[in-house]
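A, B, C and D are the chain letters, set down in written order, and residue numbers restart from 1 in every chain.
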């Protein structure tokens, strides 16, 4: 089974998800600064989701460069990842439009958690197909992925108390991914 | 005539269909769990259509890897398939938003039937261009395709009695396609 | 200047236009057959536009296979063609939703005319870059293109009398393009 | 790090942005010429944004042909550019629908300014990776980019007086980019 086809399809789907998200930014009926200000939460959430999807594209593409072949399990876990990521525009819109209400922010966090978990499943299914040397590289990346999932899981119950803290956690996870690998790994190894 | 161009175009169209479908998931105005619960049928149908389109992409790509050249008939039957599949987001949205009302579920089934039938026509037009060995492989795949069409056709009149049974049939067809080929062929050969 | 980049971009834009058009098919609020019947004009126009865009993709790709290099003029005329084609989903939606009212059908015809005219400009700019043998092939295709433009131009004033006749003409042009080249050329040479 | 992947992703995102913009052109409920006339500002802004995005695609692709490798900084600045460009459909729709009201036209200008500035950052990050000869070519292009940014910055305060003058400036910038490089460079070197 050729990996190139899955890579091209996933890249296409991620490019479309990241772009159509703007269609959920409802154009205000009025034309005042106040009308625009009303969209600030939607805009913040749009920016956060844009960063997340860009990171997923980057990591996905990076991981697929290591491997050479795929199997049915990779197809399924990859499909699962794309499914949860395809719901990001919906969750982003709901969370933004309700000005970060509790339930929408929780849904956003659940989608991030499920996408993160699916990415782990995809990583595992790729490791099962990989040679030794690449395997270790993949596991190194795993570290960040596992930290993200823990942070998503922690952010969920925090929503009951204050959903804005959860949003800050989601933002911190995104920032953690933007910072180049080596630096962040040092920080976390010092914390432990 | 080069097959690569048709493959890339079809892949692009399928990636876009599967992704824009989320835009039909209407963002609720409220922010309560009840508002979200109201979307459950839409979400279930979204998931079902996502699986269907992912399977079509997979089978389409798989089938085109076998063949080497295309002709005008392939262009037409492929176009017909893409046309019916392009209506899946519409049928999905209507069926989900009306909470699986009779007529919308029937329309969804008709679109699935027409897409399945177009795929058969495409298969036939590709077999006509193929060598012997590949032909047999293609016919093997045909089995699943024909079973799907029969199940779609059976599900249609059942809608009059209870459209939820039809939905379960659509789900079973999708599951049949996810299960790897050999296992499902055994099950069906035992049933016969 | 590499032609491949322009080809890939144009293919992408055409695949997106043909696919997002379904988002303009408004999902009915009700769930009866009557609600669906109300969408029949929209559906007919959707189908017509789908055929047109598929033909444009086919012809565009075919023409670019002949040529080897592009220049600034090709970039401009190609951009002009994509611009008019990008308006097809809008014109299709307006024409369908107003159940083929006079002005919307006229606008649809004007967009088809401008797209057809831009395609002629693109053809001319490609001929200017081409060698002798390919030039003649390109001019052969020109025949159909010129007939289309004449038919679009004829259909416009007919809208004042009866816009449904214009729609039939648009449909005839689409059918003319689907029929393989040699046959249609015979018919038109016999008519002359 | 392979540049091809970033190029394909950026091309895909730009093709999608330029195409989904038409979905923001709201289909009128009526079917009269007056209903269509009401959309003229939206249409003008759509056309302007279409030209801008086509130019960005052209320049982006052109610039990436010169370079051979990319780094993390290129990934970030490229992501920043795509982020601002992804907001063009939103700003275009708001500006057009409010018939070029002050605040929406300002927002449109701010987005253009931020996109132009991000493009400069991308250029700088690419120059840092480039050899001598290509560097000079890139700096030559820089001229147009810097003029654009100055004009965007000038257009912003002018919005307070008359936003239509700002729109004319945006149009002039677009025209400046369409005119082949050598000619425009002559004009500006004569002005200095």
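Operating definition for what follows: a residue touches a chain if its C-beta (ideal position, glycine included) is under 8 Å from a C-beta of that chain, and two chains touch if they have at least 3 such contacts.
The shown structure was predicted, so the numbers you read here are calculated from the model rather than taken from an experiment.
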item: Chain whose mean Cα position lies farthest from subunit D; value: B
item: Magnitude of the superposing rotation for subunit B and subunit C (Cα, nearest 5°); value: 90
item: Interface numbering overlap (same over half, different under half) for subunit A and subunit D; value: different
item: Inter-centroid spacing, subunit D versus subunit A (mean Cα positions, whole Å); value: 28
item: Separation of mean Cα positions, subunit C and subunit A [Å, integer]; value: 39
item: Where subunit D touches two or more other chains at once, by residue number; value: 12, 16, 20, 23
item: Category of the chain touch graph - line, ring, star, complete, other; value: ring
item: Residue numbers on subunit D that touch subunit C, as the complex places them; value: 11-12, 14-16, 18-23, 25, 27-28, 30-33, 35-36, 47, 50, 54, 57-58, 61, 65, 178, 180
item: Complex contacts: residues of subunit B adjacent to subunit C; value: 2, 5, 8-9, 12-13, 16-17, 20, 23-24, 72, 75-76, 79, 82-83, 86-87, 89-90, 93-94, 97-98, 101-104, 107
